[in-house]
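You will see subunit A twice below: alongside subunit B first, and alongside subunit C after that.
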Partner chain A sequence: MGIFKMTYQMMLINFKDFGYWFWTLLYPLLLSTLFILTTSNITGDGMEDIPVGITEDHQLTVILEDVEFLEVTETTESKALTLMEDNELSGFITENNELLVTDSGLDQTILESVLNEITQMFESGIPPENFSFDNDFIVETHADREPQVVMFYSLIAMMVFYTMFSSIEFITTVQPNLSTMGARFQSSPYSKVKLLMASAVGALSLGLLTNFIIITYLMIFYQGTLFSTLLPTVILLIFGNISGIGIGFAIGLFPKINANFKTFVGLIVLLALTFSAGMIGPGVRMLVNEHLPLLNSLNPVARVTDTLFRINLMDNFDDYMMTLGILIGIAVVMFIFTLFALRRKQYDSL
Partner chain B sequence: MILMKDVIKRYKEVIALDHFSFSAGENEIIGLLGPNGCGKTTAINCMLSILKFDKGEIEIFGEKVDPNNNDIKQRIGVVPQEIAIFNNLNVVENISFFCGLYVKDSKTRKKLVDEAIEFVGLEKYRKFSPRQLSGGMKRRLNIACGIAHKPDLLFLDEPTVAVDAQSRNFILEGVKKMKDNGTTVVYTTHYLEEAEDLCDRLVIMDNGRNIAQGTLNELQRSISTQESITVSFLDDEDLRKKLKSLPNVVNVEKSGEIYTIQFEKHQNNLPNLIKFIEENQLTYTQISSEKPSLSNIFLELTGKELRD
Partner chain C sequence: MTVFKGMLLHFWRYKIMVIIVTFLFFGIAVLFAQNQSGEAFETSSMDIKIVNEADSEIADGLIDHLSTNNDVDVVNDYDRDQVVEEIYLMEIDGAVVIDENIESKFVNGASAVELFTDPRGTGSIHLNNEVSKYFRFLDADYNYTGTVDTENTLSTLEHGITVNIADPENTAEASDFEGMKFYTNFAGYIIMLLLLMFIGNIMTEFNQPELRDRVRVSPLKTVSYTAQIISAQSIMGIFSVLILFFGGIFIRWDSLDGVPLDKIFVALLLISLFTLSLQFVISSLTTNKFLINGIANFISIGMAFLSGIFIPEEVLGETVQNIARFLPLYHFTQIYAEPGITWSDSFTHVTILLLFIIVMLIIGIIFENKRKSSFNL
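And now, the complex of A and B:
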């Protein structure tokens, strides 16, 4: 049969599997509902800019005005003190680049970090037009500010990698040393490339369908804003799904282990990655970032979580292409590896 | 059609195929016969180029088998020993899926799927999930998935294991029909009566070796026992010694009042036995003569019984 018909058949096999729908749709919907219920009382009004005062004609004014999450007001120090007492300013930057605050809190911590960074960049001779304020502290501090948002993004990130379960099942099925059906596939003349592509497209289509349903559900029932940039978000999710398929193919190739056990291992690994990415709260992720920074920079779930956060809440796309590159890189490597492992394969034992 | 020459296949220390040679011509049913673990499935998997083998040659349709040779694969059908179907697809979908691995055109495929369903007698169960089918029906579906594309060469690996009598007959009749339609069938089994009834030629395997091959008649002639007479006496006396003194007798076995006497030649054995009964004034209730069965052949060739 042609590749389109084969894709349809591959989709049909998963479509008729209750287990598939439970894990890829009902389970995330259940988690989403729980998150919505548990966070409905702590949901704030969304991201608010931090009001900061600065002396008139200060050299940093232009730079600070470029920072998305700051609302800069030129004023005098005495007026600033009054405004700070009235909670209309969170801090004031003096002529000597010192931060004046009358309170301590998250806003003040962020302002201090921004000011420190500007000072460091000045000292290292970086021209002001090249200043960037998208460093991790910003994401982390905002995550602290709205922990439930990170939970939702990590849930979505986990969900996009669920495509791995279809591909684990597929790869296990076509190998005669792992499945009774393997002999049928192996002895047939059907192209392994077509088979692999059909399986991947089928898994991607169903994966995107479940993603669409869950995201629609979140958009309807979650009070805050999760998605401000829809197209880049959709592209990120597609790449995440493809990466999940590739990872599933590689897991499926492990010999002498049945599909159920592989799926179980995949689920545990995914939950661990999602846990590390902050699904049960940003504290874990901050802890990992602090002690094992490499783990989350390589963790695809954490990458997708961070990127979703940045593009939707920070309007920051600096890391976007890198994340897409990593996701597609994982997928390409896994696809090629799988293809070489399956093509022209003869087994030593079954 | 198939030529397998001196094939050796080792699993570490175990020799699964030991200089195994075998051939099958066009339009015949050839039985691979032997106990579980004797190497039947290994031989099939080597022929299908799924398994690597250490030495020897295998040719199918005059070409060396190779995992890349799709021309050979296109003409082969496989029915694995285990039921190999998708539980999430119904009967039609399963057959269509596996037929689709060979047949691209959807109209042709639909026609072939309908024919396969009719062939295995599952017309009433087209939309049934495999979970709703009995064990025998699942076996029939398993067969339909392997034959729908009408292969020239079909490997049937123990298709009647754990099947009810009705489905077994259906399967055996189906295999005969396939042969009538021009398909060569390689049929593995450890059910001797099935092999006797079905196969044109037989290959007897033991410990990975081909210990005998030929038609049933040829195999019968190849062993020392040529006739087996079973007689049931009413007398209490143990007659084994006396019976052994008869001409051509090679062995006498007693089970209750039933004696099985094996003769090395097929020559006046029954008249001699009746004469012996009359002379000794013995009373018997039944007597029958038969040529050696595959069970006798296997026992004599391997020194062991072929059990399930």
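And now, the complex of A and C:
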């Protein structure tokens, strides 16, 4: 059988499996839809003034009313406490110029800072006319935050490694001690390299097909921009898919464990790597980067996520070649390992 | 008890994997549980990157001022793309780029630093306010004395007002509760995901046609077979609940004031029972491992997103919040929704979860009977 026919047969096995399509195509599409629905408001619509209460006829009321980001309300302490518990006030200024809060947070910290400044001006001994509020020593540059894009990129990064499931299936099937088809392959003169290549090409073709469908879906339905440099993105996806195939071959080699459990192991590991890359929200990614920085620098899913983000949104190709190198490196090592593991094996009984 | 033992042996075969996976996700849950203590007021800290291109006393003074209450990362090489990227991904709250000619620019009243922040966030106000304050005091001192004295300015900026927490005990309890709540929310998701996937994959082996046919022709009654399967699965469910419940207590043993542990335990137990009943439905529908993994993942991740476990509920929008009310994971989170929640407050949500479990079991039995009726030797 020629290598093309073998590739076709390999593709056909997965193509006919509804479960495969649900897992590799429908699941990412559903997840993309979920992300689109839930993350549109993640950065908020804008900033609101900080509500602060103050005792009636307080000497600081006039000064505080001039601060543009404060919303000052004159009230009593008991009413202020109720309002603070209902999150309608961030703090309350008492007659003794103390700040009363029910919680520690950024709003309360800003209030503390403003009140500190007023105290500091009095205590500095510098006459008030020396203070200028018009001097502008600062240039402000707006840098918008859109952390939800990482969720989409990590979803795509996870998806490119899905090719591992086809290769886990394949490599388990060709092992003579795990399947009857494997026993037939073992006793046939068909080249193992050809078999491996046919399987890899089949998995890659199906993987890329699902990748393109999902990217097209995101380009149509996601309101922001996710893909501005298509060709480098496609090349990255191809390398990611190849790397996924290699990893799948290596996982599939584990002896005496059936394909189901190997798939489960691959899936759990991939999920954990994808979570730490940011798929379940920017919070986990930030926590991992803060507490376990090495994890995401070694994590191939995080690597693909970061590179996708940089090349598409930052126009930054600094780590592009490095990521491609790592992905192809993983694939080459895994392919060589697989070939060595499969060659010249002997079995007492098939 | 052959089936029961067989199934437990199956679980035992994969013990190392189960332990590794459980602890892996337990680690993520621990990350979710990070929060600050609340007995005394704590000034919020921002993550600020400072690019210092100057060799100047004024720049050093600014760095000292910002370092007082914030996590400051000072670098000398300016990579604009890197700074913008870190803000974009919320890795830092803002950045300050100090001009190399800060001294002359300050004396001439020109712009001496560039601030990078997202104007939509409160952090933008805070950073701007803190940097402006430093320059305002330095400038006032310079106008008054004719010299630049950063030491004097920094010492002036050390003065401050007193901030009091209204009810320290309650605030501390609320803070302890928040940490445990985040942990339990994520633990509920882990239980769903792992039980659905792990038991789902084991059940694909038990539901293989050859094995099922052997069970059917055996003298084992269906009720006994099902009871043994459910018992073995329940042991796995209870095992995972115990690991995650006591794991949570272990990592937060000194911060458990105000935490409704009894409700949390019941909630975890109910969500594991719901997961097992859902698993019963899925395994009576299919033995395809891709389908099982896909459904398990989508249901657990989907519910977790919609129920506000990964992203705060308030940013999800009204429609999504309304959908969440119909999901079991939402009612799971509501069983322990407040620090002092009573059983009567939790009762409705416990009942809804129990109803979900009963409904799933009924659906599962219907599908199972349908499958049996189509059996031919």
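The criterion applied here is as follows: the second predicted complex is superposed on the first by the 242 of 350 C-alpha atoms of A that agree within 3 Å, B and C clash if a C-alpha of one lies under 4 Å from a C-alpha of the other, contacts with A are read in each partner's own complex, and residues count from 1 in each chain.
The rule is short, and it goes like this: a contact is a pair of C-beta atoms (placed from the backbone, for glycine too) under 8 Å apart; a residue touches a chain by one contact, two chains touch by 3 or more.
What you see is a predicted model, and the numbers here were worked out from it, not measured in a lab.
Contacts of A:Gly224 after superposition on the shared chain: neither subunit B nor subunit C is touched. Legend: residue contacts after superposition of the two complexes on their common chain; A:Arg310 is shown touching subunit C, with no touch to subunit B. Legend: residue contacts after superposition of the two complexes on their common chain; A:Gln186 is shown touching subunit B, with no touch to subunit C. After overlaying the two complexes on the shared chain, residue contacts for A:Asp17 are found with subunit B and with subunit C alike. Judged by the touch definition given at the top, the superposed model places A:Pro232 against neither subunit B nor subunit C. Counting the residues of subunit A touched by each of subunit B and subunit C gives the higher count for C. Judged by the touch definition given at the top, the superposed model places A:Ile50 against subunit C, while subunit B stays out of reach.
Applying the stated contact rule after C-alpha superposition, one finds that A:Glu98 touches subunit C and leaves subunit B untouched. For the contact definition in use here, the residues of subunit A common to its subunit B contact set and its subunit C contact set are 17.
Within the complex, the subunit C residues that touch subunit A are 14, 17, 21, 24-25, 28, 31-32, 34, 36, 38, 41-44, 46, 69, 81, 83-85, 87-91, 95, 105-106, 109-126, 128-133, 135-137, 139-141, 143-144, 156-157, 159-167, 171, 174, 193, 197-198, 201, 204-205, 286, 288-295, 297-298, 301-302, 304-306, 310-311, 315-317, 319-320.
Those residues of subunit A whose C-beta lies close enough to touch subunit C in the complex are 17-20, 22-24, 26-27, 30-31, 34-35, 37-47, 50, 69, 81, 84, 97-110, 112-117, 119-120, 123-124, 126-127, 130-133, 135-147, 150, 165, 258-261, 263-265, 267-268, 271-272, 275-276, 280-289, 291, 309-310, 313-314, 316.
Those residues of subunit B that touch subunit A in the shared complex are 11, 45, 48-52, 67-68, 70-71, 73-74, 76, 78, 80, 82-86, 88-89, 93, 96-98, 100-104, 106, 109, 145-146.
Residues 1-2, 5-6, 9, 12-14, 16-17, 176, 179-181, 183-190, 344-350 of subunit A are the ones touching subunit B in the complex.
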